[in-house]
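These are the structures, in structure tokens.
Consider the two complexes below, in which subunit A is the common component and subunit B and subunit C are the respective partners.
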Partner chain A sequence: MVAVVNQNVINQCVVSQLGIGFRPELARFIESRDDIAFVEIIAEDYSHLECIPQALRDLQERGVTIIPHCLSLSLGGADSIDLGRVKHLNSLARYFDSPFVSDHVAFVRAGNLESGHLLPVKRSEATLQIIAENITTVKEHLSVPLVLENIATTFQWPDNEMGEVEFVSRVLEDSDCGLLLDLSNLFASSHNLGFDALEYLRALPLQRLKYVHMAGGIFKDKLYHDSHGHPLNHQSIALLTALKALCPVARVMLERDDNFPADGELTCELGAIANA
Partner chain B sequence: MNPFEIQGPTYLLVYFAICGIAFMLSKALKAYLLRDPNGTSPAQISSIARSLQPYEAAYLSGGSERVFLAACAALSRHNLVEVSRGSRKLYRKLEDNTGQFKDLEYVEQALLVHLSKNGESISTSRAKVNNAVAGIVTVLENYGLKPTTDQLRLIRFIIPLFYASVVLFFSLPKCALAAQLHLPFTFLLIESIIALAITVKLFRPEGEITAKGAAVNEALRQENSALKLTHSTNPDGLSLRDSALAYGLFGAMAIGDPFNDAHYALRGQNAAGSTGSGSSCGSGTSCGSSCGGGCGGGCGG
Partner chain C sequence: MPEDARKQIAQEQKLLLQALLAHGNTPDGFDNKRLKQAAQALVRKRVRSMKRANALVTELLDSDLSKLAVLHRFIELHPSANAAGPYADTCDFLAFLQEESGLIHKIANINRSVRFIIGQCKLSLLTKALFWF
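Right after this comes the complex of A and B.
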């Protein structure tokens, strides 16, 4: 019931809310901004509820929405889902009264080996089946909706049975999940794999869009790396402008995980996102 | 019953109880003198907290010594001052060629004007800052955050005098009598010396704040939890003003800052032998990531 109410609220929201990834290094900056309507936290950073910093509680008290974002469910993995991780994610969602939680269409472990990266899955009917089963398991243990994010990749598996956008769309439709669209990931993948990002946007089930990620990256050896430690690029901003022309975008946020810049630079990036 | 007729270990226990009661009474009297007679509301407390400047907040947190350490730490963090552990001197790193010092806080200006590139001793620098905090004290007194001169006189002299009188009244005659009768009185003497040492320690003359001041200090610490978090992870990303506020409110020790080494020099301590009040996580649990997902290397989280 709570989930349904939250989803309706989001669907009615036409005006973009501005958000940012909460990192301790940015806590002071975030606190000083009145226009930050939501922050996203990395679920794995808060392995226990008592680790949640006061600064985050203060934001919640101020009315800032807090969205737990997970990196480690490995929804695209053939291994069974680690229910401990799901329960932890759910406990954060309940603690913060979050409207939803999110993770990636990717895998991060196999055969007890951790990749340390979000890896793309082979785009096949068999993988779709695996992901659908994993998401069903996850949703059974979540009290809020699950939102799925497209990842950035520098390679793809051979013998893919379908394109990236078709695959992501099928995952969303089959699992009835919301979409967390990372436009910087989209730009990175389109550049690295050689597809048209605008066509990708048009083909997505944008009615499922819940929020948008924007982050900086760097070109290196002909590849674009979504580093989260460099300035936002103009191509990602252009994609946001294109997206806003296609559908209402309820929430957009900036991610910065490294090389934290001065407040002025972050302010400029948030301004660029707000005005795209 | 005359307590002086009690003998031996029993008297030591009674004496301990008397000292305890006297101590509690002294603390209660001190708390009464420092109370907030107007019962300031939380909203007013919060409003006062927001209106305070960084070094006013620093004084509230730890007196003039905290102001000095915060100024040195913040200016050092922003490469305006260097603290040398070896020579125990402070050096100014930049000349004020462009007049940028005029935008600094008064305390910072006082310190920088005093310093030279050849260095000044820490003790004379501390004295300069101590002279500059007079204005801060006035502001805090006007807000009722610091006790008035009359309150301070009572706290610094009358209460300790009362406590010391009780301690000595019940020990000195007994010791003198024991000495005359060649009876042992070493434990009683030790107990009374400890009690007097507590007097000196607990009724410290500096940095005294009122109950209202303590409430404002607590509000400042609460409202600046984000500053503490950022300072402990990304201190270079903060402005000079924010650095000063962070050092002033929380101290270099509590925020695990590399400035700690210089901090020891300023306080005249050896780093290896000092324990301080540093904290990492606070709780016994590990608060880091345990995931294998990660997001490094352009994986696109």
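Right after this comes the complex of A and C.
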């Protein structure tokens, strides 16, 4: 009995909390798993609190932590922040009693154009200043901490003044925000832009790490696209193993948004994440 | 930060979005090929987001492949996604689809009317010809 207890303690120390992106298509699968400690919801999917499905309320009652994740604050955008989006994000955080909320180091709109997806910003001192100002505005309307995610990209701005990891680190330090490290995004960007993902990991302020994203993608025309609709690749798993050797990883989650596979495949991917 | 510096970056970001979404010129210094690939990826992403946001769109696209062409035409004419999110984007698309279907219906009705008039004319000419003979 003592041996069993000790093993449990060891497991608790080594194994991160396991999570998954909540999507209606995955609700039954998530409900059936008792090892899911947290789920992440896309804030834009629930424009009103009345839209929140019963399945999410049930998870909350079961003690599963719910983290609102935003795609549209456009923190790297030079246009002013839409406070309605921030207030909505905050209302979700309050509703679910979330420990924090997250968005990206990216921009999604400029002028009257909305990209519908996350785009890289120019890595310059001026952009750092804009992001710092935007985050200050956002934080004034949030009652929980803001956590920032690195994005996947297939191109970059000319005349960048610094590398990707220095830029992300400066954003985190300047804004005193936590890090949501997407290892699949890191693999995608390192492949597409040609930098060393392990060096990137070693240079990050990992003491700020709050949680980790893992997702599948696909190679197309020599570029890697983080589609969230394909199986998890072994390179992302290898990066998770490397990350765990560098620092404690409290939470890791799987994202799947499309081509939803059978439960068995999802189980395998969660197993691979837990055992990395 | 000085307002002018912010405006300068806003302008640069706008030019990039115009290149990615609305066939604008590639801004100086960017890799043209990579931007074209990114533009295609943004269209794929927008279609996926719309399918995910509204089951009706998925059903329509899966049951009738010609609707995918209409969706791509919609995106071509509306390069900016709806700022309110993918669901609002699907509502715009469904309204566009309805308008297009209405237009096709109207064109079909006009065609029928034209065919009827031509038919009537032919009948009248035939009657006249029979009378003279």
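In this text, the second predicted complex is superposed on the first by the 261 of 276 C-alpha atoms of A that agree within 3 Å, B and C clash if a C-alpha of one lies under 4 Å from a C-alpha of the other, contacts with A are read in each partner's own complex, and residues count from 1 in each chain.
Everything below uses one rule, namely that a residue touches a chain if its C-beta (ideal position, glycine included) is under 8 Å from a C-beta of that chain, and two chains touch if they have at least 3 such contacts.
The structure displayed is predicted, hence computed values, not measured ones.
Trainee: Identify the partner contact of A:Ala110: answer first if only subunit B is touched, second if only subunit C is, both if each is, neither if none is.
Mentor: Second partner only.
Trainee: Based on the superposed arrangement, let me know which partner A:Ala126 touches: subunit B (first), subunit C (second), both, or neither?
Mentor: The answer is second: A:Ala126 touches subunit C but not subunit B.
Trainee: Is subunit A touched at more residues by subunit B or by subunit C?
Mentor: B
Trainee: Who does A:His225 touch here: subunit B (first), subunit C (second), both, or neither?
Mentor: both
Trainee: Just to be sure I read the superposition right, which of the two partners does A:Asn275 touch: subunit B = first, subunit C = second, or both, or neither?
Mentor: neither
Trainee: Kindly classify A:Ser72 by the partners it touches after superposition: subunit B alone (first), subunit C alone (second), both, or neither?
Mentor: both
Trainee: Thinking of the overlay built on chain A, is A:Ser47 touched by subunit B (first), by subunit C (second), by both, or by neither?
Mentor: The answer is both, since A:Ser47 touches subunit B and subunit C.
Trainee: Answer with first, second, both or neither: which of subunit B and subunit C does A:Asp159 touch in the superposed model?
Mentor: In the superposed model, A:Asp159 contacts subunit C only, not subunit B.
Trainee: When the two structures are overlaid on chain A, which partner does A:Asp257 contact: first (subunit B), second (subunit C), both, or neither?
Mentor: In the superposition, A:Asp257 contacts both subunit B and subunit C.
Trainee: Residue overlap on subunit A between the subunit B contact set and the subunit C contact set?
Mentor: The overlap between the subunit B and subunit C interfaces on subunit A comprises residues 23, 44-45, 47, 72, 109, 114-117, 119, 154, 223, 225, 227, 257.
Trainee: Show which residues of subunit A lie in contact with subunit C when the two form their complex.
Mentor: Going by the criterion above, the answer is residues 23, 44-45, 47, 72, 77-79, 107, 109-117, 119, 121-122, 126-127, 129-130, 133, 154-155, 157-159, 221, 223, 225, 227, 229, 257-258.
Trainee: Mind pulling up the subunit A residues that touch subunit B in the complex?
Mentor: 23-31, 42, 44-48, 50-51, 53-55, 58, 69-74, 85, 104, 108-109, 114-119, 149, 151-154, 182, 184-185, 188-189, 217, 223-228, 255, 257, 260-263
Trainee: If you look only at subunit C, which of its residues touch subunit A in the complex?
Mentor: 1, 5-10, 12-14, 16-18, 20-22, 28-31, 34-35, 37-38, 41-42, 45-46, 48-49, 51-53, 79-87, 89
Trainee: In the complex, go through subunit B and note every residue touching subunit A.
Mentor: On the subunit B side, the touching residues are 222-223, 225-234, 237-239, 242, 281, 283, 285-301.
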